[in-house]
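Structure below; questions to follow.
For reference, chains read A, B, C and D in written order, and residue numbers begin at 1 within each chain.
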């Protein structure tokens, strides 16, 4: 029998080449894509518990006096991310079949399949070279995926690519530094050797960890690398954005859990409060990320950009949870990772459905779609309720766990940031709801239809998933605890309904909460049915002081309530944003490089200076060799 | 602006050359242990010693004037050039071949006509040419005995062709020159290959040597020099002819 | 000052003059002339490297000269110089051919003229 | 193994025959080159390596000799492979001058690698210089003439330096044989040795495309046709990479250990290599002409290879050899395809090449694979070179760690511009632009085969590991692997 692990990475790869040949048959291609992700989900499902599955290949490249081996191994942590990523991908794939019709086909299936191949590789890599290789594959293929053969997306993707390349460079440097310590590329061995290094050379150890951390931060868009999602998410193919947001933002988290957490947990590092210094830095970065993400999301008018920032904020929560180094915190963070996958796929898929039907991304040009696309609206509504962390749905329990963990470690400022971000989330979540689905329907969208069936099915499944996880958190918590056991924590098997907490007597039975909320909802329904009905007006029916907007040198849009919704807030935070905008530095740096590049190019076109340069070279040799 | 740039170039050139000169001075006056640049030339310590004593193959062998030796060229420079380091010399031929061909390639297509010249030159032409050819011929035949050899001989022979052109007469056609060039070139390398076939080594002087000082000595050297002379003269004459019409039509792409 | 030093000094001066000319001249023909000066300097230098004080020509003319073998100058540099002369000749011929072509395509002999290649191509 | 001289003789005879072969020229050139490739592979596999071949029956150091080692014959195989490819992608060259010059160039670049005599090396390098100048000037238009004359002046000046160096070597050591020089190098006065090294390095650095010496590179690539580009990169560049192993790492080392005798010079060379990497990658960043981009990238890769050789420990040298192979294959793909793309789009600007990858997906894919290999992405051949290099540098001094950081930073820039270009190929075509022609099938097939080779080496570096290890061993122990072969009695 062919090795399961090998099949898992080979099938996407082979399918990728297969689909290249028949790229024009988009129906077939995307169905194949669905089949592959379905296969992966099924295989992964059967692999739960079989932690001794491995696959390895000898490369014949000698390093550290032994032959280099690339290996994959099943492990709880990798399985956890890989399985949920595959399930999400499968749902997105179903959506993609419908989405990539004659008009919208982005012809990206082969690259996406390579991305999935890299995805499996990253999560099951057992040595750093495999990890790095797959990481690079992921970076490169996602560049092509985001750019997808269009000019404007290519510009955004360039920004993403440059950050990715910075990340891979530091990762490679880090890997080789650490591998030199442990004399092998094995991940677990390198963790041990870094823990030992902390005892002897603290600064060096921090430097090595920093090299890894930069990479992970970049990929997960943790501060100070929070800028790329808004550009990349906005321009990527609409059915790919959910994948970017749900699966790809977790690579960095996976890296942190895999490598940095065990070291911070076990190394001999001076304590700072109840946790240690590096962990505290992690917490603060997480806090800044979530606050910044929230603020930026509030100001955004493009709905894909808005949810890009929202993803950034959620990554911030997860990082905060991890930084506590406590069981509850890590549980919460892992739980929230999966919740975020589910929630964001709900939100982005519903937005993709909207864009599929309307072709519009700017929120103030939309409105009232709830009447035309009720299912999409429902999915979106449940998505944001869940994202806001309101109890009967899944987002609540994980956020609750993270806040608990932070409180128990006395990280008060971080808690405040978390609560600020959570509250701020209402502001932007509601705004999209109000401007896209509620309000008045513009005339040109009068005849829009509900999303097609193949889109509706995955959206419905996701809706049900949100509810199911909300009621029975054990679906996620059981594997989470398996991960924790695999990491060496002492935890019990999780129950289906109850979430344990950091403080005594505060365990939470979410199922009971669900019943209570259902009762509340029933009462609300009664109120809704018997209260007064709403009045319908047109979208631009606004107060303009008796004059046409054009007389004022402006457009009716200016008076649309969802245009510049949070303008005052924006003005308040603007100076701060200018200071910390990382992309501006990058752009300035890029400009400088371009200018030097042009200068050098001119140097090379000149014929007169050629001999002079030759002499300068000789002079360098003389000065370097003789005088110094 | 322009003058400033020139001045700058001059200053930079002087700075660089001063640095280089100072470096060479330091090298020359260095007092470290080891062989220095400025040590006296001692031929005994060099490979040249064995060339002069003609005992490369057998360390203890000696030779006499009029006797035989491993290389029987009386002119030891020629012995080095055309026997010990024959490979270099045959590559030199290729250098000339490729540069002259490149010259013909890049030269613009406009050509001059060969003009009638003064009666004086025209009438003296046969005598001049004969004289030049004789000198050239003497040089390549005697290359292994006295200063000279294939290259200068070829250059002198080609001047005979040049004089012909100046006198208004094209003595050889471009096509002939090409044939001479190719035949001579192929012959040189065929002789090298023949050495491989006969003695198992390329560029070997496989002919019986003869006695030092005789005209018919030094084995292959006179033959090779003859070929080189023909080839060089053909190539250099080709350069002169390139400027004039009447040469073979070029198949420029 | 021995003869050898005089040879070395003069040949080095020639090389330096050539190096100066290659850098500062803009006319291609002058640059090629400078290159030729370098060539000459090097040839002289190589011969000087083989020079022996009061040495003899390394050509056997009679049985007498056989006794002078110890006193002969080094034949190898002379052989190298012969090769290097031919290479120099080749360089010069080819470069001059190119110069004629250059004059035809650029309308000038200044080395600066080829700077605008890119500009011309973009048009 | 005396017959190895056929590698020089046959193409040179062919060069003369080409004067009359008229239409059969191309066929003859292909036959000769194929013979060379097969012959060199036979030599490589014959099991008689390493061996020293005496020419003219005179033993070294008195006569000229060829040294055939796994290293040199391996390079010969690469050079002849590039030659075959360059012949296949020729577009319309018919005149005898082209083929004649090409055959001389072929012989000369083989000779550079095989020769064991330093003056012989000088002549061969002059021959390559003339050959390549003539081939660059071949189109005879404005840009090629300017490029050729610039290159010729630079190469001649550099050759003058090299010749002075050789002269001083002969004056002080009294020999011209590389192995002999290598064994006697410790007798020299240190300053004199330094002068020799500086003069010789100047001579070879011009052809090695290292930074302040390389002003000719972009123009030469721009001026030449696609097949000349492949020759420049695959024949001259590969021979140049070999030169550094022989001249620098065999001749001027401490007891044949692969470490330069003079640490200061070694560090200066590293500085120059790093400058080359930095300058070339930055210069390529905003360049619009695709040929110039590739030219700059060639320079950068050469800097990287030399950096690897100069680090001097085993890992780094293994890495450098992997880089040589990877760069050879990947850049050949890019040059072959670029020639087609330029012919298709009628413009040398990569921004005008939109949509070609959609029209010819295999070509587009091969281009991407080549780019990824050059960037050093894992599972592509270039990665193993980069890995070895970093590994070696981290084991070296702090100076080398700084170097490797520079290398990684430039890798970012390189990645950006290469993927930018690669993605442009897949953009939707402007509706108002029409392609002038279709890409030729055999070019795409060549590129595809080479791309497969990149992936094969990338996934299974063990394929060429034994070859690379023997080459590395040869450099690290040149006393036993080179000098003792030339002078077996000692």
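We adopt the following convention: a residue touches a chain if its C-beta (ideal position, glycine included) is under 8 Å from a C-beta of that chain, and two chains touch if they have at least 3 such contacts.
No experiment lies behind these values; they were computed from the predicted model shown.
*Asks:* Counting C-beta pairs in contact, does A-C beat A-D or the other way around?
*Replies:* A-D
*Asks:* Which chain lies at the heart of the structure, taking centres as C-alpha averages?
*Replies:* D
*Asks:* So the centre of each chain is just the mean of its C-alpha atoms; given that, what is the distance between chain A and chain C in Å?
*Replies:* Measuring from centre to centre gives 67 Å for this pair.
*Asks:* Take the average of all CA coordinates in chain A, do the same for chain D, and state the distance between these two points in whole angstrom.
*Replies:* 44
*Asks:* Any idea how many Å lie between the Cα centroids of chain B and chain C?
*Replies:* It comes to 15 Å between the two C-alpha centres.
*Asks:* Just the number, please: Cα centre separation of chain C and chain D in whole Å.
*Replies:* Measuring from centre to centre gives 28 Å for this pair.
*Asks:* Can you list every residue of chain D that touches 2 or more other chains, as numbers and ranges?
*Replies:* 119, 123, 126, 130, 133-134, 137, 140, 145-146, 148-150, 153, 157, 168, 170-171, 176, 191, 194, 219
*Asks:* Please list all residues of chain C that touch 2 or more other chains.
*Replies:* 19, 22-23, 49, 76, 83, 87, 90-91, 94, 98, 101, 111, 114, 117-118
*Asks:* Indicate the residues of chain A shared as contacts by at least two other chains.
*Replies:* 605-607, 611-612, 615-616, 618, 622-623, 626
*Asks:* If we count contacts the way the header does, which residues on chain B are in touch with chain C in the complex?
*Replies:* 6, 9-10, 12-14, 16-17, 20-21, 24, 40-41, 43-44, 46-48, 51-53, 63-66, 74-77, 79-81, 85, 88-89, 92, 95-96, 98-100, 102-108, 145-147, 149, 151, 212-213, 239
*Asks:* Spell out the residues on chain C that touch chain A in their complex, using ranges where they run on.
*Replies:* Interface residues on chain C, with respect to chain A: 19, 22-23, 26, 111-112, 114-115, 117-118.
*Asks:* Please give the residue numbers of chain D that touch chain B in the complex, ascending.
*Replies:* 2-3, 5, 9, 12-13, 15-17, 19-20, 54-59, 61-64, 92-98, 100-101, 104, 107, 111, 119-120, 123-124, 126-127, 130-131, 133-134, 137-138, 140, 145, 148, 168, 170-177, 187-195
*Asks:* For chain B, which residues count as touching chain A in their complex?
*Replies:* 9, 12-13, 16, 19-20, 23, 26
*Asks:* Inside the complex, what are the residues of chain C that reach chain B?
*Replies:* Listed in rising order, the residues are 4, 12, 16, 19-20, 23-24, 49-53, 58-63, 65-66, 69-70, 72-76, 78-79, 82-83, 85-87, 89-91, 93-94, 96-98, 100-101, 104.
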